[in-house]
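Order of writing sets the chain letters: A, B, C, D, E, F, G and H. Residues in each chain are counted from 1.
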Amino acid sequence: MKLTIYLAGQIHDDWREDVKEKANKRELPLEFVGPQTNHERSDNVGEDIIGKQPGNYYKDDAASAINNLRTQVLMQKADLVIALFGEKYKQWNTAMDVSTALALNKPTIIIRPESLIHPLKELSNKANVTVETIDQALDVIAYIYE
Amino acid sequence: MKLTIYLAGQIHDDWREDVKEKANKRELPLEFVGPQTNHERSDNVGEDIIGKQPGNYYKDDAASAINNLRTQVLMQKADLVIALFGEKYKQWNTAMDVSTALALNKPTIIIRPESLIHPLKELSNKANVTVETIDQALDVIAYIYE
Amino acid sequence: MKLTIYLAGQIHDDWREDVKEKANKRELPLEFVGPQTNHERSDNVGEDIIGKQPGNYYKDDAASAINNLRTQVLMQKADLVIALFGEKYKQWNTAMDVSTALALNKPTIIIRPESLIHPLKELSNKANVTVETIDQALDVIAYIYE
Amino acid sequence: MKLTIYLAGQIHDDWREDVKEKANKRELPLEFVGPQTNHERSDNVGEDIIGKQPGNYYKDDAASAINNLRTQVLMQKADLVIALFGEKYKQWNTAMDVSTALALNKPTIIIRPESLIHPLKELSNKANVTVETIDQALDVIAYIYE
Amino acid sequence: MKLTIYLAGQIHDDWREDVKEKANKRELPLEFVGPQTNHERSDNVGEDIIGKQPGNYYKDDAASAINNLRTQVLMQKADLVIALFGEKYKQWNTAMDVSTALALNKPTIIIRPESLIHPLKELSNKANVTVETIDQALDVIAYIYE
Amino acid sequence: MKLTIYLAGQIHDDWREDVKEKANKRELPLEFVGPQTNHERSDNVGEDIIGKQPGNYYKDDAASAINNLRTQVLMQKADLVIALFGEKYKQWNTAMDVSTALALNKPTIIIRPESLIHPLKELSNKANVTVETIDQALDVIAYIYE
Amino acid sequence: MKLTIYLAGQIHDDWREDVKEKANKRELPLEFVGPQTNHERSDNVGEDIIGKQPGNYYKDDAASAINNLRTQVLMQKADLVIALFGEKYKQWNTAMDVSTALALNKPTIIIRPESLIHPLKELSNKANVTVETIDQALDVIAYIYE
Amino acid sequence: MKLTIYLAGQIHDDWREDVKEKANKRELPLEFVGPQTNHERSDNVGEDIIGKQPGNYYKDDAASAINNLRTQVLMQKADLVIALFGEKYKQWNTAMDVSTALALNKPTIIIRPESLIHPLKELSNKANVTVETIDQALDVIAYIYE
């Protein structure tokens, strides 16, 4: 049984590659999808496609419309969502993706460092499982196949 | 036609009182509901009710379960959600409440300062309307009654 | 049993007043809601509330966000939708409101002149009932109370 | 990951062929579905199958029932909807298809010329993304695969 | 706690009056709604409102559109459905109303004579409760208030 | 694009074989599912599996539970429902299956003889398309592939 | 803001009276609904209304159909569910009511003694809040009104 | 047509192996999924993955979060649920799984010994079919393929 997993979360480092490699080593039959991880492309995609906008607000709105469409298409394909929160950045998108996933009845795992226990407590309580490392998240998924 | 409005957002100042007063002055037939705004009570409610927990993680989880139940009951009663993001704090709960409201098909207005345009762009694109001040949010609601 | 009725359709003449008067004369216990019928206000509401926009596209988008929020709040309160199509104007909003109402399981009556039978045929086939005059629409609603 | 795309919109020129060719050139793994594009067949299908009807209204209603069934079957198979509005024709069907797609939670892209910004503003505000050309719509879809 | 009850079933005798009288005697706080029980009016309502149709099929379709709208409005208001099947008539509408009610999650009671056990067995198995008399149906409803 | 079609309706003759043969000849990529068509087996399946019941009511209820489970599994797999009503039998199951299919958003075609226009008018008005012959129903399905 | 609360759980002692009295003392604006608490009546209601059944299985099935209808009507009216598990009895109905409530998006509080932590762990993890005493459950509800 | 079946119920003996073998012998095209059947692993999985917890309540809660995620992923993949209740153990999880399955519109078969007729009567009345042996459950599934 193959599962498709949406990897929500910040796009400032290559944690998604780490997930994929580790899943590969465990030989789990998983397909991963997720947001655009080229940060500059993600920020500029509105102007790249629709053309120059009259200011930052409009540039951001044009980009986010396309990023939201991408997320909606791919999350609807997913059987499960992993969301990683790091210590930097506000990451409201990650919180948005977790909440949307839960409302769509998608099983969801949060990965967050110990330092974020308090600010993430309500979201963590709503998610199915909260862990601290990528390895633990993959342990949970591997458990489905045991 | 009376509308019930859930006021999502940080609980570190008394912006909800400001909303209520201004709505009162305009004589709009609104009922407001929202989270526990006594921050200490909100953080301690798990231990207050269920008893001493073995550490901060468990204390936070106990509190958040009760806060989430409160939010669910009141948001289901709401016809519309106003969510205010301020410059301080991570406010993941606010992002969670907005996304949940949108998934439940509740019309939602975001209030956020200009400085948060970029980090909130995806959430703002998903919400019905985004404004910068409480007065503008009430202008939008008043418009429903025109 | 009181029913709330959303009156979708063009805002270029005062057909809604006609509906209300005729319903009043029949003493039907109906409450009517609908879009902003002051055309200028409807077009300008985005700039009125959020401020000057950098061009017509942005002005229109700001206005339509607020008009859509208004429609969503009021249509969710409605038990039934009446949508009037006239011979002038493109009235895509009316088609949008009818389709949204049907998707939300709201019983829907279309009023349209004979000349629009052909271009409206798919929408008319999806709606519950299609008639040609306001009186006929009220006949249908009065029939619910017989 | 293969995506199925419903191409809503007018059937008076061969814009759908243009979409397919351009998607082919980009080697995107897309399958396209859409309405009957033979206009005469679309208008006559009711009488073609069910037999002569007693007038144009009945002929139109018989045809639209079958066209609506076709749309429902194919749109339920789609992962994404592209809707093209042109300057001619009223195209209420297109507005109906967009609204139905959005109510079914299908990500939706509108293509419309600059001249239609104003009359389509509410629909455009509701859709995920609005662009002006077929190439831009395919840019958006290609972005999902980046 | 007041309950609204939709009375589905044939309209060839006055069984609904019987239900209302008996409910009155028991002083149950019930409000009853249901289809048009004037058979002639029900059959003619399409032509009465929309005008002469070109044959029986079209007359019937016009009437049924309006009867279906009435049923949809009133059933959405109902907390519970009672459906009575008698020995005469095909009563496909009653089967349709029961199935729709069950799909809408409305608790449903079927009343049917012993002679219809076999032909109604699948519908009866799907309904919440099946009884043989109006008194038994009211016993079930009275039990909710015990 | 392969479609799965549930064939609802009476099981007293072999009309389903007729549908399959005719679909085969047209080389339509259809898979057909439907109820148990061995009438005796269908009536006895409850006692066949669960054992002797204390009377006809209980025998019928045991059989219908299993028949309903079968229908639910197979209808959930279907993209489209064809329901045939004949002149004999009460066929409440067919009416039940059509209504359930429509509530599940499954496109539905009714086949019924002219003589049943009047008693089936409400159901027919709710279904997507109503025709009189198996050939017409297959014409409608073939149209989806044009 | 008045809330309606469904009290699920065993009917072998008068814990519901305890809840009501304590809620009264706190002057909380709550309305309580729940199952038939007269155990004998609950077990016999099938035979009481429908008549003598041919054995215990059939007697039980007739009673449970009516009890399930009662639960469905009242739980649909509820804003919140409290479910009490005691040390005696299997209480599968209580587990069924909690799961149904959660699937219907009703906020749910479980009350269970410490001795049941282990067997109830999955259900407790799914519920919003789990406490050990009636007073704690009312503390949670009172918190909604703070 | 392949069906995926979730096997809910106690994990204290190897009844699932029995189901699989018997299905194999009948050559039914079924795929089986279900909970972790290694009891110790199931109870410890929370601490195994997340680390030592401060007591039994917390150990149980950590394990159940992961078990619930597993159940949610696999039950969403299932076309049908078989739930076996035995005479030992409280098996609230099984009752929870049945209720969740029914709320998700999954056809469900209960297997329970005669001795449990009374305590399981409400759950049994809600399920599609209740039988006493594994063979009978497979008879019901085989019937779908007849």
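In the analysis below, a contact is a pair of C-beta atoms (placed from the backbone, for glycine too) under 8 Å apart; a residue touches a chain by one contact, two chains touch by 3 or more.
The UniProt protein names, listed by chain, are A, B, C, D, E, F, G, H = YtoQ family protein.
Small disclaimer: the values here were computed from a predicted structure and weren't measured.
Enquirer: Considering only chains that satisfy the touch condition with chain F, which of them also satisfy it with chain H?
Expert: Chains touching both chain F and chain H: G.
Enquirer: Just give me the whole-number Å value for how far the CA centre of chain B lies from that of chain H.
Expert: From the centre of chain B to the centre of chain H is 40 Å.
Enquirer: Please work out the Cα centroid separation of chain D and chain H, and write it as a whole number of Å.
Expert: For chain D versus chain H, the centre distance works out to 44 Å.
Enquirer: What positions in chain D touch 2 or more of the other chains?
Expert: Expected reply: 65, 68.
Enquirer: Throw together a list of every chain pair that touches.
Expert: A-B, A-C, A-D, A-H, B-C, B-G, B-H, C-D, C-E, D-E, D-F, E-F, E-G, F-G, F-H, G-H
Enquirer: Hey, which residues of chain C end up touching chain D in the complex?
Expert: Listed in rising order, the residues are 56-57, 60-61, 63-65, 67-68, 71, 89-93, 95-100, 102-104, 117-126.
Enquirer: Under the touch definition given earlier, write down the residues of chain G that touch chain B in their complex.
Expert: 1, 3, 79-80, 105, 107, 109, 128-129, 131-132, 136, 139-140, 143-144, 146
Enquirer: In their shared complex, at which residues does chain D touch chain E?
Expert: Against chain E, the touching part of chain D is residues 54-55, 58.
Enquirer: Which part of chain B faces chain G closely enough to touch in the complex?
Expert: Spelled out, the residues of chain B in touch with chain G are 31, 33, 36, 38, 41, 45, 48-50, 65-66, 68-70, 72-74, 76-77.
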